[in-house]
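What follows is chain A paired twice: with chain B in the first complex and chain C in the second.
Entry: the complex of A and B
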C-alpha cells in the first residue's frame, strides 16, 4: 500500500529547470529536424505530401483529444485515483487550440491533393451538400472550438483550484463534464468522418467515429504511461505517482487495446461477410499493392502481440515493461493512422493510380514537426504550474489509491 | 490533509454505501430475515399472478408446438417479427446484471455490492426467456438438439458460417458463465443461511448448497481468486453475446440491418434496457423488503446516470445510422430510414425515439435522478422503448424490401402477444422465487464496503 507523505510541498511538484530545458530543447530539436525533412519530403512527394502531413497531424491530435477525453471522464465519474496524473492530461489537452493553426496548411494548400470530393463532379450533388470546402471549414471551426473551449474550461477549474483550494471548483468541473462529453463524442466522430473517412468519399461506415475514438484512447493511455514513468524518476514524485497508478493506467491501456480490436473487427467482419462492393472498396485497397502486409502488421502489432504484452499484471506495474508496451502501442497507433490514410496516396499529382505501400520522407518529417511543436507546448504548459493538482479535494484518495 | 469541505459538500464527498445505524450483524439480519420469516401473503398474491401469466406462456407454446408457427402473424416478407424481437429484448436485459457484477467489479465500483446479486439473478432469468425463443421460433422445438453438433449417421453438420449458430453457442456460454459467477458469489451467503437455520431441512438444503464453506482463510482466498477470474471471463461476454446477436442482422445485406455500428450499438442498448429492468425490479423490492438502507438513493441515482449515458449512446447510434444512410448516397439505404421514420411504422419509430432518447433526458437533473417515482416511470418507458427498438430494426427493415410488389405489413396475432406476455410471467415467477428463497443482497460483499471492514 502506498504511504503518502505528510504534506505535499507545491514547490517540489514543479518541473525542475534542468529537466524542463532538456525536454524543451529536445522538442524544439525534433521540430527543427522535422521541418527540414518536411521540406525535403514536400519537394520529393510530387503533390502527395499532404497525406504525410495529415497522418502526422492526426497522430498528435488523437493524443491531445485523448487527453481531453481522459480529463472529461475523470470528472464525469467523480474519479479519485487519477488526481495525481490528471494535470498531465490537462497539459496534453491544452494543445488543442494550436492544432487549429496546424490544420491551416491542409485547408490552404492540401484540399485538392487529399480530398477527391473537392474535384468537380466527383461526388453526387446531394453528397456535395455535405462534402464541400466551405462547410468543411465551418465544421472544422466548430470541432476546434468545442475542443479548445472544453479543455480550457476544465483546465482553468483545476489551475484556479491550485490557488484557492476551493472544492466547489471540483463540483463545477463535474457539472461541466457530461455535456462536454456529449459534444466531444459528436465532434470527434464527425472530425474522423470529415478528415479521414472522406478520403474515400464513396465509402461509408457507421462505426468509423467509434474507431477513431478507440485509437485516441489507446494513444492517451500510452502517452500518460510514459509521462508518469518519466515523472516517477523525479525524487519529489517518489510517493506521489506510484506503481499503483501505473497499474490503473496500464489496465485502461489494455482495456482500450481490446476495445480497439473489437471495433476494428466489427467493421471488418461485417463488411467482409456482407461483401457489398461499395463497402469492400475500403479493404480492397488495403489488401493489395503491399498494403496487405501493413494490414497484417496492424492485426498482430496493435492487437495480438499488444494483448500478450499488456495482459500480465507485472507488465503494468513494472515501469520498464509498461514503457515498452506504451511505446509499442504508440508505434502501432501510428501504423493504424498510416493504414487509414496512406493507401489513398497516388503515384504523383497527375496519376490516378495508387502508390504501393511505403514510407515517404515527408511521413517522418511531419511526424517530427508536429510532434516537436506538440511536445514543446505540453512541456511549456507543464512548467507553468504544479504538476499535481495539489489542492484537489480528492488528492488524498489518489495518493492512497490501490488496485 | 483531508479538507473539512470534503465531508460537507455532497457533490464531492463519497456517499456512505450503507445508511443508518448498521453493523455487520444488522446487515446479516436484514437480508437473511427476508428468507427466514414466514412467507408474506402479498408474496403469494404476486406469485399467483406471475404464475398465471407463466401459464399463459405454457399454453401459447403448447399450441405453437401443436399447430406450428403459422399461429403467429408472420408473413412474406416479414418472416421474423415478435419472436426475434422478444429474443433480443430478453438477451439485452441480461446484460445489465453482468455489467454490474463483472465490469463494475473490475472498475472497483463499490456501490455494486448491494445490487449485483439480484441483477445477476435477473440476468439468468432473462437469458432463460431468450433461450426459450431460440428453442420455439423454429416451430419444431423437439428438434432443438439439432443446434448441438452431435455426430450422426447422416453426416449432417450445422452451418458454422451462420450467425444463428454462433448465437446459440454465445448464449449457452453466457448462461453457463453467468450461472457459475452467480453461484460462486452466493456460497458464503448460503453458508450464513445454513448457520442461522432453525430447522433440520433448511440446514441440510443450505448445507449442501454452500458446499462445505466454513469461512476459513483458505476458503476466502480461493473464493476471491475464483470471483476475479469469473469477473474477467464475464467481461468479454458482456460484449460478445450482444455483438453476436447484432451479427444475426448485420451480416446480411438488408438495408437497415447491415451497418457496421451494430455491435457496439447493440451492446450499449442492452445495458441501457437492462439497467431499466434492474430499476423496475429493485425499486419496489427495496421498499417492500426493507432494504432502503442497503440499496440507497445513491445506488438508484448511479443507475439512472448509467441509463442516461447508455441512452445517449443509443441516440448517437440512431443519428449516426440516419446520417450515414443519407451520406452513403445509396437510395435503398436511405429509403429504409425515411420509411422507418415516416412510413407505415412511424408510430413504432417515434415511440422508440421518445422512450429511449427523450425520456432519459430528465436524468440530467439530480432532482429526477433521485426521485423514486420518476425513476420507475422512466425505467418503464425505457423497457418499452427497447422493445420497440428491436421491433423497428427487425420489422421495418424487411416489411418493404427491394420489390415494391412484395411489400407487406405485420399484424401480431393473439398468440404473438400471449407468448411474449407469457415470458414476463416466467421471468417474474422465477424472480419472485429467487427473492423468497435466496439472499437477494450479497451479505458478505456489502460488509466489505462498510467502514467497519477497515479497522486497521
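Entry: the complex of A and C
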C-alpha cells in the first residue's frame, strides 16, 4: 500500500507554466475558431442562429452549474474524500458570473427568434404574467446573482484557508451550504423552465427542472473525471489524486447516468400513457422529421450503452477507460441539449414550419466559442492558486481515501 | 474434554493480536510468507485488510449482474408473452407490444433479482448461515466481537505446519496461540 505524504508542498501544487500556456492557447484557439464559425453560421442561419447559441451556451453553463453543485454537496455532507478534487470544481463554478455576460446576446438580440411567447398575443394573459420579457430578465438576474454569489463565497472560504489554515472556514462553508443548496435547486429548475422549456410555451412538464439538473450532474462528473486524469499525469500529483478518487467520481457519473434515465423516462412515460395533446406536443416534434433518430441516439447513447460502459469496476478505476466514458457522456449531454432545443428551429425567420433534424455550422461555432471562453476562464482560475486546498482539515482523509 | 478434542482432526491455529494495526501487519506478513487459507477476525471492518490479505476481487458483482439480466429478460419476456401471445388486450389504445408500459416491471424485476443476488450471493460466498465454527473453541474468541483481534490459519493451507506456524505467529507478536479442532 502506498502511504501518502502527510503534508503537501504548496509550491508543487500549482499548474506548471508549460501546461498552463498550452491549455490557455488551446482554449483561445478554440474560441477564435468558434468566433469565425459563429460568424459564418449567423450569416446563413436565416434568423435561427440563436438556437445554436442557446445550445452552446447552455452546454457549458450546465457544466459550470454542476461545478457549483459538486462544491455545495461536498460541504453539505462534510465530505472528506473530495478535498483533493474540490478546487477543480471551484474553478469551474467560478465561471458562472461570466455566463451572465454571455447571456446578454440572447436578451439583446435573440428573444424574438427563440421565444414565441414574446410575440404579441401568443400566450394567454395568465401565462403572460410569468412569460414576459421584463420579468424574464429580472429572473435571469436573480439566477446569475445566486450562482455567482454562492460560487464566490465558497471559493473565497477555500482560498482564504490556503493562506491562514483556519479550520473555522470549513465550518463556515458547511454552514453556508444548506441554504445555498436550496436556492441552487430552485434557480436551476426555474432557469431550465425559462430558457429551455419556454421554447414551447404551451407545453409544460413539472419534472423539467430535475431533468436539466440530472444532465448537469452527468456533465460535471464527466468533466471532473477528465480534469483529474489530466492532473494525474503531473508528477506532483502521483500520490495526490489516485485511482481511488477516479473510482469515486466514476461511481457518481454512473449513478447520475441512471438518475438521468430515470427522470427522462418518468417524464416520457406519463405523457405517453395519458396521451393528452397539450402534453404530447413535446414528443411529437421529437418523433418526426428526422428527430426520431436523434431521440433513439440519445436513449442508446446517454443511457443504454453508457450504462454498460460505466458499469464494470475497471472502467471507473482505469484512467483510459474512464476518460472514454466521460467523453462519451459529454458528447451525449450535448446531444441531449441539442435534442431539447434544436427541434424548435424554423425553416427561416418568417416560416412557421419546423426545420428537419440537422446540425448547423452555428452549432459548432457556438460550442467552440463559449467552450473556449469557458476553458480559458477555468484554466486562468486554476493557475491563480494551488490546485489542491492544501490546508483543508480533511486533506489527509482525502489523500488516504479508499473505496 | 481436552482428551476428546485432541483426538479430533485439527482445524488450524487461532492467535490473538493487540490492535487493529498489529492485525493488519500480521495479515501482511502471513500473505508475504505465502499463506493463503487464513482469515482475520475483528470487532469492526479494518481499512486495507483486503489488500493486506491479498484477497483479490469478489465474485459477487458477476453473480449480481447475471441475476439482474435474468430479471430483465423475465420481466420483458413475461409481459411480451402475456400481451402479445397469451392474452392480448387493448389497454388505453396502446399497441400490444407497448414497451414503455413494460419498463417499470422490467426495472423492478431487474433490481429485485439483482438485490436478492447481492444478499443471498453474499451469504452463499461466506457459507452462511453457519451456527458453529471451529474458531469459536478458542478460549478467548468471544472477545472478537468486543475488543480483541484474531488470526485463524487453517490446516488446509499448504504452508501449514503446526509447530512452525505457531512459532512464526509468536515471532510476529501473537498472544494466546491455540490449536483448534473441527
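As a convention for this text, the second predicted complex is superposed on the first by the 400 of 403 C-alpha atoms of A that agree within 3 Å, B and C clash if a C-alpha of one lies under 4 Å from a C-alpha of the other, contacts with A are read in each partner's own complex, and residues count from 1 in each chain.
In this text, a contact is a pair of C-beta atoms (placed from the backbone, for glycine too) under 8 Å apart; a residue touches a chain by one contact, two chains touch by 3 or more.
Owing to the predicted nature of the structure, the values given are computational and were not obtained by experimental measurement.
Once both complexes are superposed on chain A, the partners chain B and chain C clash. Of the two partner chains, chain B and chain C are each touched by A:273. Residue contacts after overlaying the shared chain place A:313 against chain C, while chain B stays out of touching range. Of the two partner chains placed by the overlay, neither chain B nor chain C lies in contact with A:300.
When the two complexes are superposed, the chain touching more residues of chain A, out of chain B and chain C, is B. Once the two complexes are overlaid on chain A, the chain A residues touched by chain B in the first and by chain C in the second are 269, 273, 275. Within the complex formed with chain A, the residues of chain B that make contact are 1-3, 5-6, 9, 11-12, 14, 108, 236, 239, 243, 247, 250-253, 258-264, 312, 316-317, 320-321, 324, 326-330, 364. For chain C in complex with chain A, the residues that touch the partner chain are 47-48, 51-52, 57, 61, 65, 92-94, 100-101, 103-104.
Against chain B, in their complex, chain A makes its touches with residues 4, 6-8, 78, 80, 123-124, 126-127, 130, 165, 167-168, 170-171, 174-175, 178, 182, 185-186, 189, 193, 202, 204-210, 258, 262-263, 266-267, 269-271, 273-276, 278, 393-397, 403. In the complex of the two chains, the chain A residues touching chain C come out as 1, 265, 268-269, 272-273, 275, 311-313, 402.
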